[in-house]
Structure formats: C-alpha cells, structure tokens
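Take a look at these structures.
What follows is chain A paired twice: with chain B in the first complex and chain C in the second.
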Partner chain A sequence: MTLASDHDTAPQVGDLAPKNSLPSGETLIRGLIWAVVLFLCLTPFLLVFAISFGHKVEGASWVWGFSLDNYKRVFVGAEWPDNVTFLYLQKLWYSLYYAVIAAILAVITAFPFTYFMTGLSRRAQAAWLVFILSSLSLSEVFIVMGWDVLLSNRSGLPMLFKVSGATQWLKDVGWFDTLRDWGLANPRNVKFKTSVFATVLTMAYLVWPYAVILLYPPLSRLDRSTVEAAQTMGAGPWTVMRTVILPSVRLPLVGSMLLLFVFLLGVYVAVTVFAEPAKQTMAVSVYEAVRGNTLNAPFGSAQAMILLVTAAVFLGLGQWLSRRNA
Partner chain B sequence: MTRMNRRTLLKSAAGAGGLAAASAVIGTPLIAQDRSLKIGSYGGYFENSFKEFVYPAFTEATGIAVESVTQPNSTDWLVTMTQATKAGNVPADVSLYGRDSLIKASRIGGLLAPLDKSKMAATSNLDPYFVFEDSTGPIGVGAMSWFSAMVINPGEVEAPASWTEFWDSSTYEASLGLSKNYNSQFLDIVAATYFDGAETLSTKDGIMAVIEKAAEIKPNVALWWSAESQMEQAMKNGDVIGGQYYLDVANLMAADGFPIKPIFPKEGNPQDYGSWCLSAISDKGDEAAAFMDFSSDPATQALMSRKIGTAPLVAQSMTDLTDEEFAMVSGAPSIKPAYEAYLDNETFIKENWDKMLAGA
Partner chain C sequence: MKGLVLDNIHKSFGSVRAVEKTRLDFAEGELTALLGPSGCGKTTLLRMIAGLEEPSGGALILGGRDITALPAHKRRFGMVFQSFALFPHLTVLENVVYSLMISGTNKAEALEKGEKLLDLVQLAGYGDRRITALSGGQRQRVAIARALAQEPDVFLLDEPMSALDAKLREDMQVELRLLQQRLGITTIVVTHDQREAMTMADKIVVMSQGRVEQVGAPHDIYHKPANAFVADFIGRANFFDAVVEKGNLRLGDTLIETDVPAQFINGSPVRVAIRPEGPALDTPDMKGTRIPAKITFLRDLGPVRDIHLDTAIGPMIVEYATGETDRAFAVGSATDVTLPPGALHIFPRENTAPSEAA
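Take a look at the complex of A and B:
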C-alpha cells in the first residue's frame, strides 16, 4: 500500500508547478506529440486502405481508382463469376491455423518453464532472463536458417535417422510408406521439409522467448503462500496447478496467446521456407502481390486489410471471452 | 586467381562494397573526372564482379567514371524507379532489367529514354532480338544472358535425355526442386516439352493446358523454391536430387565438388537476359550510350562470361572464348520465354498457377 500512496502524491507536486506558469506550452507539446503519433500510426494505414481500391493494369502497374474488385477477388478469385476459387481464403485459413497452433504451443511450453524459473534464486532468474532477452536479438532469418540446417537431409535429423538405422527400421516394419503418404519421406529417407510440422515448430520457437517474457511478471508476482497453503491442505501438484495457479494467471495466459497470435500472422520467412506453396499464408501472398512480378499493390493492400480485420476480430473475441469469464 | 564460389564472394560482398563506395567518394574529386554515370546491377556477387572487372575497363577506355548502384533485382527495382521518377530524382542513370520488366516499363510509359543507336555502333554485334524497341525507339540494349538449366545429382540418378523424365514418379517422387514463381520459366519448359512452345501460351486455353500438365509433376516436387539460396542448399544437402537452377551457379558448385550437374536435355533450357536501360529523367544520355556501346563489344561480352559467368549475347566465334569456357555459361538448344503472354494475361496466369500449386 505504501507504494500506491507514493504514486498518488508524487504527480501532484510535479503537476502543480508548471501548470500555473506555462499551461499553454504543455498543451501545445502534448498536442504535438499526439499529432506525430497519430500521423505515424494512421498514414501508412490510410495509404494501404486507399491503395486497396486501386485498379490493376494488365502487363503494367496499377492506377488509383475506386473499385471493390480487389476485395471481391480475395473471396472468390479474379475470374468470378465465370470461375470461383477460394485460393485466398485458403491462404487466410493457413495464416490463422499456423498462428493459433504456434501461439498455443509456445505459451503452454513456456508456462511450466517460467513457473519453475520464478521459483529459482534471484541470481538464477536474472541469468535466465538475460539469456532469453539476448536470444531475442536473433532475427527470424537466422532462426529459420538454423532450423533449415537441423532438418536437412545431410546435416540434420534425417541424417540421424539414416545413420542410427531408424530409416531402415521404419522401412522394415512398413511405417515408412505411411510417412511417404503424409509427405514426411521420399523413397530414400525421411524428410521434414517442407511440412506443417517444421513450419509450426519454427514459428513456436520464434516466439517462445516472448512467451517467457510475457508470462514472467504475472508468475513472479504469484503469491507462493497460496500454493503452500493448498499443499498443506493435502492438494496434489496437479490440483494445485488447476485450482490455484492457473485461475490466478488465466488473464495473462490468454493475453500472451493473443499477442503472439497477432505477431505470428505476419510471419514470412519461416512460411516461405518450411511450408509448401499449397499451405502458404496470406502474408506471403500480400508480399508477392506488392513486390512480386505482378506489381499489384491494390490486391496486396486488399489482402492486408482483410488480414488486419481478421486479426482485430480475433482480438475482440479474445477480449470478450476473457471478460465474460472473468 | 583461384576460383571463388558465389558463397565466399557473398561473404566478402559487404566489406568490399563499403570499400568500393568509400574509394569512389574519395577518388572522384581527386581525379576530377567531369563525366560520370550511375549504373545499377543486381547486388552481391554480380555487382561486385562488375565493380572489379567491367567498370574499371570502361573507365579506362572512355574516361567516364562509374558509380555502382545496388539493385535487389528487376521487379523490385522497377517499383523503386517508378516512384523515383515521379519524385523527379532517380538513384541510377542506367538500370539492368530483365526482358519482362523492360516490357512492363515500356507499357507503364515515361520511365525509359529512347537510345541513339548511331552512338552505339557495337550493338550491331547483337542479335536484333536483344535490342528492344517500342514506339518511342530503342529503349533497352542487351547486357548479358543466363540459362536456368535442368540440374541433377549425378550420384543419385542418370542424366535425363528429356524433361519428360522428371514426371516419372518411380525415380523422382518428392525429390525435385522447382521455382515457385509463375513466370520463372517452368511453364515455358512444359510448353516446349509437351506443346508448341511459346505459341501455346498465347491463348487462355493453351495456358490452362500447360498448367494442367505442370500440375502432374507436383508429387515429384519436394521444394518449390522462391530464393536461389534455398535450391542451392537443397542440392548440397541432398534434400532434392534434381530440378531447375541457374546454369552458371550450377557449374560453379560442381567445380567446388558439390553433387550437381547441369544438363541440356533435347528440348533445351530457358534463356533469359538482362538489358541496360536509361532513365527517362537522366541527363547522361551520351555517357550511357558510350557504356552500352562498350558492353556490346565482343571483348566485353567475353570478359563478363569469364568473370561473372553470364552467357554472351554475341556468337561464340566473335569472342575468344574456348569451347570449355563457353560450355560453362551457355548451351543449346535455348527455350525463349513467352514474355508477352505473361504480361497480357498476367493476373490469369498468376492466379491459375497459384491455384495449381495450392490444389484449390
């Protein structure tokens, strides 16, 4: 409580003095900061929104205009009504699919790790946090390259399968053909690229440090005495987790998942490297439209707007659900 | 000099680039050259070789200083140059464009300046196909060309005599690496192998037939690559045992002992080429003409083949390239991509190709 009362008094002292002498100057600066922030946030957004109504010139570039054709194309394809395709909705589906699975995977694996970490000594906690923060400096490209090598035929996991005899064993027991049906093997050896497995794995790995950092504050604030009280009253570890720990960190857990989910919607490198074209996402399609050979920025913008609206809907749903259950 | 592969060159690219930029800035006022030209080329190994071998020879021959500008590639650069032209200040006088980007620039209009052929006598060495003219006049002079060839892992499979063998799942199931882009010439290969070539791609029905044939190879493709390095790694690691890759890089990799062998099957390999183009708002028309004249000289073409690994745009007999040197960078027959078709039906081809890949 002392901390809170400190906060209550401190701003009053600071606020009174300048307000009496220079009220207009401060308002001006505040207004200016707001204007800059709004400008920086809204301009790119409005630009993309405006471009999304533009018109593509076949074989050349695009021109400004006002048509809803680009949005229509996202839902039914360019040749509608002669031909209908859900190609872009399929890409949107994979955007959501990877992001949801990878976000959940990252949070449920980071949760026990962070929980045990907060039980360590201050020194050990600091060491872990520094290590995890420094791993954030690895870019997406770097991480994808690392996993690319780890999953490669001659230098990674498939090599291990072959050398250890696991490949031969799989062939002997007949499971190898099942793997081939699943696209996880060629006639010579197992293969993990390209696959949903590799894509989700890399994406979860990519955001795992963020998950730890997001979960660390609520878990370190968790009152351990409630856990001890439950234990002295005879609750087993699973009961403690279910009835004491999880309910008290439910909101941060859901919040972390939503944040990572939105972050993962835009992943580009991991998807282009590890997902086959049939299972690539809308982020890749946006890039191809804007910077690719067609120079179709309006169509790319329309897809970006749809992706944005989808993310907003999911965030709103998440908020609504967590508020309803709170 | 020992042969450096693309990888080692790329590693030293950043350092060398910085040095070269610094020396250009420091060196220019001292030499007091009043004639200069900003020339764009694809960054990395490619641009460095130009800075090391081609530009110095040009400066020596003409006294015109060159400032090298890094282009990421043709298409992205066209976006950059379109915006820069509107803003009235372009980063390069001369840019390097693939034929598709060149035609696209011509159709957008107002981006490229017509060139004066009388100031570029050496362009008569090139096949007229490589000097691109639109209604405003000649706007692109061929710079160099490259093949995207059939490659195989010679340790795993026999050299195919035809592209049709790649459709054979008993050998190539989940084992090929093909380019993911709709206009990276796999459709041209299919058209040349199973249909009447570029002509088939000029109608929508023809395009659909070619795409349907291409769909049949999907079970054999392990990697649809979008970046060159993906295919390089996949061949080195044995993730794929064949596919479509650049002839010069494949030869360099083979020389370094990696299991890759470029093949010219009976249908041939697609040949693409780059053109030098002058920006419409550049005032360096004379310098640009001098450079394009120099570039079209058979001696310069041979220099580029040796140092950069590009195929010459002049006949081998005009150059002093040996048969062995020529085979490193070129071959026959050559498949000419259906550039116009890709542009006329751009959205149609792209969407149907993507649908084929996605199985949607």
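Take a look at the complex of A and C:
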C-alpha cells in the first residue's frame, strides 16, 4: 500500500516530460505537405541529374553509371581532344539569344500598354485583364500554328506584301536588298520563314500576356501623383518616363524579363517551326536526344542540366544586379 | 507683377459640373486658401491652375499672359501634393534638386541650392537619407523644399497638412506661413480645415458645390459671413428660422428686436445665425432681446466653456472664455439669454432669394 501510495503521489518521469511528446496533427500535416512538395520538386531534378552521368548502349537504351562524357560532349564534342566542336554550345547560345531578345521585346512592348491600361477606368482594366488572361488559354501549338499561317510565304504576310505592291516598293527604294542581307527576303519576295525574326517574334508573342500580368501589379500601384509632381517641376512626358516611372518600376521590369527569359529557354514548338535547322536551340536538342531517333537520355539529361544551370546563373546575376543598383 | 487671375474658369466631367464659372484674383505675394467641404471643387480648381486638369472654359492669366493652354511642365508652378508625391527611388537631396537637374542646371550649383533649401525647411544634414527613413513632417518639408527649388511663380499646396497628426499640423501651419511670408511667393492652399485656413491665409475663398460662396479676409469671413453656408462652415453658429416682421424677427411667439437689412421685406422667411460667443447670459443691462432659458448641459473644453440651453426659440449654445464670467452655472437651472442685435446674421431661407421671399 505504501509503495502504491508513493507511486501515486511522487512525480514521475513521464509527468515531467512535455505533454505533447508526440507530434501534433497539425505538425504531421505540415510535414506531409513539405515532403510532397519536396518530392515533386526534387525527384525529377535528381533523376535527370543522375541520368546525365549514365551512358547510351548502342542499339539499346541506356544504363546508369558515372561518366562525365555527356558533359564533355556538350562543351567540346564527343571526339575531344582529337577534334573539337562547339555544336551544342552553339545551341545553348541560340537558346540564350532567342530568349533574351524575346523577353526584352515582350517586356518593352507590354510596358507602355500596361501603363496606359492602368490609367483606364476600373471597368476597362477588368475587361482588358480578362481578355489577356483568356489569351493564356491558347496553347503554344495553337499560337505557333497561327503565326505559321500568318508568316507563310504562300498565304500570309509575304503574299500581302506582293499583292499590295509593298514588295515592289521595297525594291524600288532599295530596301529589299537590305532585307535580303538580313535573311528576310528571297529574290522574288519578302520571307519570314525561317528566320530569327519570326522565331523571336513568335516567342515574344507567346509570353506577352505574361509580361502584362507581371507588370500590372507594380504599375497599378505606382503613385500617379509622383508623375504629376514631376510635371509641375518641369518634366515633359519623356523626362517623366525616364526619371520617375522607369526607376520606380525598375525591379519589377528586371524581374519580369528574368522570369520570361527562363520560361523562353524551354520553348520548343516555336523554335522547331520558325528557326533555321542550324539555329535550333538546346531545348530542341534535349527533346531530340530523349525522344528522337537517338534515344540518348543521358546526353539529353546533361544538356537539360546545363540549360538549368545557365538559367540559374542568369537569375542569380539578375538578382545581384538588382540588389547592387537598389 | 506676377498676380494670377482666373477669368470665368469652369470645369465639367461629363454632365457633372465640378467647378462653376469662377473669377478670382490672386495678388502677388498673397496666401490664399481655397476652403470647402470634400467634393466642393477646390482641388479641381487647384489642378486647373497647376495645368494638371484642362478647364472646360475660361482663362488663366499670369502677369497679363494667358497660360490656359500651357502644359503643366511649362508653367513653373511648384506644387505640394496631399500625399507629398516624393520620389522613393531618390534621396532627400536628389528629390529637392530634381527640377534643377532636369532643367540642366550645373550639378554643383544645384546641390548647393538644394542644401540651402533643406536648411530653409530645417532639414540640413538630411540630404543623403532615403525618403522612407523620414517622418510625415519631414516628408512634408522635403516636398515644400522640392516645390520651391525651381523658384516658382505660384506655389500650390493641396491639403498639405492632411497626412500629419494634429499637433504637428498646428506647428507646420505657422511654419509654412512664416516661410511664405519670408519668400513673398504667391501661394494657394487647398484645405477643408477652416482653422488651417484662418491660421495661414491672407484671403479665404469659401467654396461649396463647385461655387465660390465668399471671398475675403479670415476676419471678415468669420464675422461677416455672406450666407448661411459660410456661417455654418466657418466656425460654429446657432441657427433659427424666422420671418421678418416690421424690421424685426418673429420666431413663433418671440419677437427679436434687430435691424433687419432693407432687402428683406415684411413676411420674408429668413435664416438667422448667431455665433456661440454672441449671446450673453443674465445680463439685464445688455441691449438686445432677452429670452428665458434653461441650462441642459455644460461642456468644459479648457480655454472655453459651452453652455447648452433650451430656449423658447429652440436649443442654443453659448460660449464663454475661461475667466470671462464669475457666474457658476448648473445644469437644470433657469437663466435668460440676451441676443444682441449686432450679433445676429440674417440670410434668406435656403433656396429662397430675398426678392422671392416677399
């Protein structure tokens, strides 16, 4: 009885320990969500990373392994050191080239539109936003098909140039030769397919609604009285734009360009349709390696990793520049 | 002379008439307050003066020159906005010298002038700070210095004190007035705060529903209100509806002896206003109509004391300055209130012109 009594009254180890020694339901759910998110984000990345070190088996698929040959092939070609080729670096260059120009073009054209849109009535702004958001439902394939028709030599803009006499006028004033030098004309008429111009234009068109949506919040938050204040201090429209509006939204502008740039690095359909075969991008090369005739997943994965690292480097660089100039 | 004249200027937004035809003269070096309730058109008028709003008609004349069609950036009118509208991406000094830098002034010269202006608004040493690191009062001073940097012909301020707390607002009103007097610059201030207008202005323009109700010196506006709206909006007043009867006023059974202006003929319905400091309690020797009253409420405000009365002509508030009377008042006690004829302001009843009232 005494023992039992002591046992009843004396503090026990279990009593001193925190009551919630087991994780609560909320903690479990939170941990589960984190685990799922991490799994979904990291698994594909880790798989691609691991596969990039494997190697292709001729006449078959590929096997796991640890070899840097795929990376070496991207940078200096498969036959290095006997023979050096920069074919894949050239593809990477075109990836960057198209993505940078298209991102800048999209932001530069979306910026004035969005700025004037934010000056409209609430009702008009809502109508424009709904229209722009609905255009996002169009797939890349659909958009490229539209531009393909629009720029095709037989039925699109070139035909319009010819029928309207614009081609002849360009020849008369001597600008036709300049267009030929730029690869935008054949001996008979203007041509937009295949060209860097058509590729970049279509890519910019693809991301233009995103540019508007990214720029809308900072521009709608812009204090319009600062614009008016600048006007009362002698600033004309261009000076206001240069000294007040652009510096006020510099970070969102850079951020939008970076986001669109990263998105555009992976564009596939527009490049395959509009870019010349010699000017295809690394995204196309990745797809061809993984799904094309070669079925070389390790090499495709190595290219994908390099594309990913390039995007990360550019994002980091952009952020560093923004911070430095902030 | 760089006086500003608004010649029948008016503004409509669609079918809404924001500012009726207005003619105003702003003398050089004078501070004018545009005073009125929200939505009365005072800010629209100021924005038309600044060139930020295009008038629907009329003209703006500055020093004899028509500037109606001149865009805002060519007017050289410094303006302080309600939100101050400082540029967040620039430092304090960069904000101040903005107008100088974009006009191509030598950088060293501009910076030197900027430092002087910061000194003028008591912000010397703040030049390198970010705008976000300043308090409301400091931001207002930066906005003032920035607007003054281009040495404007006219200085415009749109509700410049509304973002400040009550104590700071009082201090800044005096500071701004002293600064304006020192610089002798033609200044127009928009405000809905009659105390602010009375403190700062040489001249007050009282506006209501897009119309100018009265223009005058603060003292005249308060003591000689042109209509019931001005009497009500500026300061406090007790209002009664009455009918003119043989040169006096009839309020129910009570006849108030006064000198009704000749424009009101017998039987005219009128609105009578009397400021709370006008009537007097228990003063049998004072000239005026004495009305029995009962004290219903006492309100001690520190410098003044309000005595709320229930009288035969309706409820009334009488104000005494602290120490003005030795008499002890008590709620519920009976008294009599004297209405001196000179303290009564008589206006035509709302929507009833004097001639129509006959």
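Just so we're on the same page, the second predicted complex is superposed on the first by the 286 of 326 C-alpha atoms of A that agree within 3 Å, B and C clash if a C-alpha of one lies under 4 Å from a C-alpha of the other, contacts with A are read in each partner's own complex, and residues count from 1 in each chain.
Definition applied: a residue touches a chain if its C-beta (ideal position, glycine included) is under 8 Å from a C-beta of that chain, and two chains touch if they have at least 3 such contacts.
The structure displayed is predicted, hence computed values, not measured ones.
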Point to revise | Combined model on chain A: chain C and chain B, fit or clash | key: fit
Review point. What is the contact status of A:187 with respect to chain B (first) and chain C (second): first, second, both, or neither?
Key: first
Check your understanding: Residues of chain A touched: more by chain B or chain C?
Key -> B
Exercise for review: Figure out whether A:225 sits in contact with chain B (first) or chain C (second), or with both, or with neither.
Suggested key: second
Review point. Which partner does A:324 reach: the first (chain B), the second (chain C), both, or neither?
Key: neither
**Study point:** Contacts of A:123 with chain B and chain C, given as first, second, both or neither
**Key:** neither
Practice item. Would you check which partner chain A:247 touches, where first means chain B only, second means chain C only, and both and neither mean what they say? Key: second
Review point. Smallest separation in Å between any Cα of chain B and any Cα of chain C in the superposed model?
Key: 47
Point to revise | Interfacial residue positions of chain B with respect to chain A in the complex | key: 75-76, 78-79, 82, 100, 103-104, 107-108, 156, 173-175, 180-183, 222-224, 226-227, 230, 233, 236-239, 343-348, 350-351, 354-355, 357-360
Review point. Chain B touches which residues of chain A in the complex?
Key: 56-61, 77-79, 85-87, 90-91, 148, 152-155, 180, 183, 185-188, 191, 193-194, 272-273, 276-278, 280, 285, 291-296
Check your understanding: Which residues of chain C touch chain A in their complex?
Key -> 50-52, 71-79, 81-83, 85-90, 98-99, 102-103, 146-147, 149-150, 156
Review point. Where on chain A is chain C touching in the complex?
Key: 223, 225-226, 228-236, 239, 243-244, 247-248, 250
